[in-house]
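In the two complexes that follow, subunit A is the common piece, with subunit B as its partner first and subunit C second.
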Partner chain A sequence: MEMVVVAPPAPGRLEDLRRRFLATPLQALLSLVSLAVMVFLAWKLLNWAVFAAVFTTSGGPVACQAAAGACWSVIAARWRIILFGLYPFEEQWRSALACVSVVVMTVLSCIPAFWTGRRIALVWGAGASLYYVLMKGGVLGLPYVGEEAWGGLALTLFIFVTTCLIGFPLAICLALLRRSDLPWISRTTGLIIDGVRSLPLISILFTFAIVLPFALPQWLQGDKLYRVILGSALFFSAYQAEIVRGGMQGVPSGQEEAAMALGMSYWQRISRIVLPQAMRNALPATINQFVVAFKETSLVVIVGFFEILASGNAAYGTGDWRFAYVEVYAFIALIYFVFVFSLSRYGAYLERRMAVGER
Partner chain B sequence: MNSTLPSGPAVRIEGLDKYYGSFHALRKINLSVERGEKIVICGPSGSGKSTLIRCVNRLEQHNGGRITVLGTELNDDVGNIDGIRREVGMVFQHFNLFPHMTVLENCMIAPMIVRKRPRAEAETTARRFLEKVRIPEQAMKFPGQLSGGQQQRVAIARALCMQPQIMLFDEPTSALDPEMIAEVLDVMVTLASEGMTMICVTHEMGFARRAADRVIFMDGGEIVEQAPPEEFFTSSRNERTRQFLSQVLGH
Partner chain C sequence: MVSLLRNQKVRNALLQVLYVGSLAGMVLACVMIARRNLAEQGITSGFDFLFKSTGWDVNFSLLPATANDPYWWYFLIGIVNTLFLGSTGLILATIVGTIVGLARTSSNELARLLGRTYVDIFRNIPLILQVFFWYAVITHLPTPRAAHEAFGILLSSRGLYVPIPNVGGVAFAAAAIALIAAIALPVWLGRTSRLNQPVGERLGIQLTGAAAALACAVVILAVGRLPDLALLDFPALQGLNIKGGLRIPPEFSALAVAIAIYGGSYIAEIVRGGFKAVGKGQMEAAQSLGLSPWRVFTLVRLPLALRAMLPILANQYVWLMKATTMGIAVGFTDFFMIVALTINHSGQTLEAIGILMAGFLAINLSLAAVFNRINKAIALKGNQLRG
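On to the complex of A and B.
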């Protein structure tokens, strides 16, 4: 007799739901209660954020405060302060364009087609100089705006991108030095890395912004903003150096031996064989470090810079909109979310892309 | 090869000493390898055979004696070391292919960045040698997608793409499943028949019989005995050699 083996029919979607949530009376009760609570919370949130909310500035702060829901009018009224800080009102289009140039530069340098030395240098060179000229002005008929007036999202992006641009190559140098065969080089580097990591970022920013000018000659000081960026890049690189070093330890020693046996020089071995594999190993931790660095830009408020969070404080803190801080923070949280979430998704894409050779 | 060769042996090793800390890994080794000669080095594990060939391209630094490769002495001169490594190919036990590059890129990278060959020429050379090791159809795959035997053949092709004058093999079949050993040995026999200078650390005595000009037995960091394969297998004089041979050939 012939046996026909048939797989049991897959349960339909409704049947599946019933089995998961309504198997016993108690389970059914718990499921229903949970569902009710969730619907209730979702309704409350939606009602606050959308249905009972005020979106226009027509009624002014007073009408807005009287409404039962969220007062989004504060964003409509004050979004320029949040995004551009103290930047002169008539010139804020420059700040907006500068933001766009930083974002475009970052997005371009994330595309594999731009990963050659010349193209990436071109993108960064063009993006950075465009940002600088737009923000600072003083040329091409643009009125001069000093760094102390930069603020909001434009400043946050600038600090983040420059921190990474300076900190990342520095991290690779530190990681390589720490791996050196010469004990005095590796030990000194280790001491620097561990030293920087032992200090809070706030104290480093404070030192670079306030204390350093007393120690340095005038011509070496530069603007406070650039000293702060240097401090933040140093802090970033100390952490990132250890991440890179960890990634290098995951590359089998046979890889470097094979490269040596083929006659490759130290820099060829590092740049073509070791680092590409090390960076793949280090990718999840690296994305993490970028995310942390993005959020830590908010600490520059301690030395008097109005990055986006501080600008947000200013947006609701003066006068009529004092009650609307939740809405302002929700808006800023949304901006942070957009940037950090994109960063994470990009990291996931990179991981998938790099996993090709691992199969 | 097309370059003008200085006369003299391909490799000359005189009074070579190598220590790992206080462990004396190689003791006063003397060995001369002629151009076109095929040498098989065998011996129990820990006898120093891998260390010996790794000294030839300076993956290990020797502590005493002289190593002269193709007329150039190996010393601390980085230029000498790089020059010698360009002319000496090596195949490893664990293949050591670059996992982040395709098979083709594995074969092209060194000719391009070390020998500064144009891309098109490097690709032509790479495809020719992949053909030679009989896996031209795998060129666009990544090493992780190949079997062990295929990976080792790619590793041989990668070394050959540098058009070396000497090839070193460090137990090339020890990490392979039995059914894949033959395909790698076939490639090595072909290479030997074409006159490549080869120094092979291997326990494949069948290969030694077919391809080697001379078999060297090492034990305890010393060369115990060396002879042409026929003589080595049939009438070795040394007790340690006979014992080792009975272990390797016994099964």
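On to the complex of A and C.
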């Protein structure tokens, strides 16, 4: 006798919808409530941000305040101060170009073809120096602009990039020192890492910006901006060091033993065998740490820097635009969102990409 | 000498001494320079300043505070404020996170989408921006004369005013503890193995326990009540300002709301991960035993998910505790702001930084200890087959 297996008939489109959203009374209720919340919020948001909003600057703040919706004129009137801070008006194209160079650099370093130590160092070195030359000037006929005039998005990106540039190599050093065979070296490094990790970032920034000048000889003090970057890099490296260490623990010990048996020196073992595999293990967590570092650049506002959040406060805080705080914060939030969301999506993509190799 | 350097042991010892020594030397040099610089400004180092009066005020304090109080009392106020803001934020964030996390694990696609949108939006905007935003929202509310009012609660640009019972401080705290006991006691009675009744048949005992605790609370309130005053003190407009009731300042509400929303989006992801970690087989086994969906959830899914998420949750709580330092951005006198003000006013830089580090170390370590304890208490006993 032959068995005939007949697949159940495929549900029609309506039946499919019913099964997905209205399977039981409870499900139906949940679907309806969720749908109602979503429609309500979407309508409110669209109405506020688009339909009832004012987009032109022609009416000035007074006409804008009367509108029922968002007053985007404040962005049209103040976008330069939000993005570039106190940077000289005629030179702001340099600030914009510097931001573009940093973004291009970040995008390039997300492409796997650039994932060798030398190439990534080259890209980041080139991007950072291009940024520095563009912002600071004084060469190639560009007028000089001191660090105290940097601000807005350009300053946020600068702090982010330099924090990563200093923090990443420092993190690898700390991770290597922590897994050293010599007990006092690993213990002391462990103490430093755990100590930094147990403190809030704000307190470290505050210490580096305001307290450190007391504790350093004159010739070592440097500019406040670079001290804060150093503090932020130290904080970044303490977290990143633990991520790198975790990655190293994932490398089977046979790998290093085999390298040792081949007669490789310590540096050869670390740079050719251990680190490449460890970085691969640690990649998702590393991207996540970059995301966190980007969000935490906003904390420098507390030690008195004019980065994008502070320039946003200034954009609505004075004069006629006092009522338009929601629009300014929404604009800044959108800028952060674009950067952070794309970075974290990229991290999620990497995680999936790597999971394929392990299946 | 050279032959000595070739000796591995000598070389290792030398390296360690060099490393630790140079680090210690750097720290020592910094401290020496700082002490000399401070001495030039006429500031003597040492902890004597702790007993001098501060001469400045704090804008928020749970403990009584005047400008005559000594510095050590102010540090205590700061720690209490930090813990209070932290625990309020933790509780709110946990509630938000649980709701959003459950929505994200729900079988309903629309609820999942809603939860995911929430997490994607609020996780990707820096906390301090959210703090600034909520602070701006609250300070732009109508003036006290045009305050929003509902159920005796007033909301204005000066803050949130809630009715408060006219009861002495100690009695109030005792009543609050009794109220918490009224919730916790039935839960404990339902699970403990010290009673002879089977677990399913304890409703009577549970209700008696809750009623007893509630009665305690009522008696405490009645005894501790301030004479000649109404039991509840309602806030009301008097002249240009609001008098009476308990005022929750805008700084505190902005921070608590921001921490709840931002922390909630992180906790939602932890909750989702915890539920995802529960094996499908365990839930199917529970279902096939004939347990109702509610019992499958409370007896199988939730306890297993809790075990999976607790260690990560502990890290998140420590992080949120540290996030209270953002109080300085809006002027909430948390522990860090008290330290910063102390440095400004007294110049005792090194000592204040030392106290700051010790304070946060203590907070972090005790939180970690509490969670280790809980973790150990709920860990599955014996050898488990997992999968």
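Miscellaneous remarks
Just so we're on the same page, the second predicted complex is superposed on the first by the 327 of 359 C-alpha atoms of A that agree within 3 Å, B and C clash if a C-alpha of one lies under 4 Å from a C-alpha of the other, contacts with A are read in each partner's own complex, and residues count from 1 in each chain.
Keep this in mind: a residue touches a chain if its C-beta (ideal position, glycine included) is under 8 Å from a C-beta of that chain, and two chains touch if they have at least 3 such contacts.
All figures in this text were calculated on a predicted structure; none of them were measured in a lab.
In the superposition on chain A, A:Q255 makes contact with subunit B only, not with subunit C. Looking at the shared chain after the overlay, A:L199 reaches subunit C, while subunit B stays out of its contact range. When the shared chain is aligned, no partner comes close enough to touch A:A67: not subunit B, not subunit C. When the two structures are aligned on the shared chain, A:G263 is found in touch with subunit B, with no touch to subunit C.
By the document's definition of touching, neither partner reaches A:L17: not subunit B, not subunit C. For subunit A, the partner touching the most residues, choosing from subunit B and subunit C, is C. By the touch criterion defined above, A:V39 lies against neither subunit B nor subunit C after alignment on the C-alpha atoms of chain A. Subunit C makes touch with subunit A in their complex at residues 12, 15-16, 19-20, 23, 30-31, 33-34, 37-38, 106-111, 113-114, 120-121, 123-129, 132-133, 136-137, 140, 322-323, 325-326, 328-329, 336, 339-340, 343, 349, 353, 356-357, 360-361, 364. On the side of subunit B, the complex with subunit A involves touching residues 57-59, 82, 85-86, 88-90, 92, 94, 96-101, 109-110, 113-114, 142-145, 155, 158-159, 162. Per the touch definition, subunit A reaches subunit C in the complex via residues 20-21, 27, 30-31, 34-35, 37-38, 177, 182-185, 188, 192, 195, 198-203, 206-207, 210-211, 214-217, 295-296, 298-299, 301-302, 309, 313, 323, 325-326, 329, 332-333, 336-337, 340-341, 344.
Against subunit B, the residues of subunit A that register as touching in their complex are 252, 254-255, 257-265, 268, 272-273, 276-277, 280, 354, 356-359.
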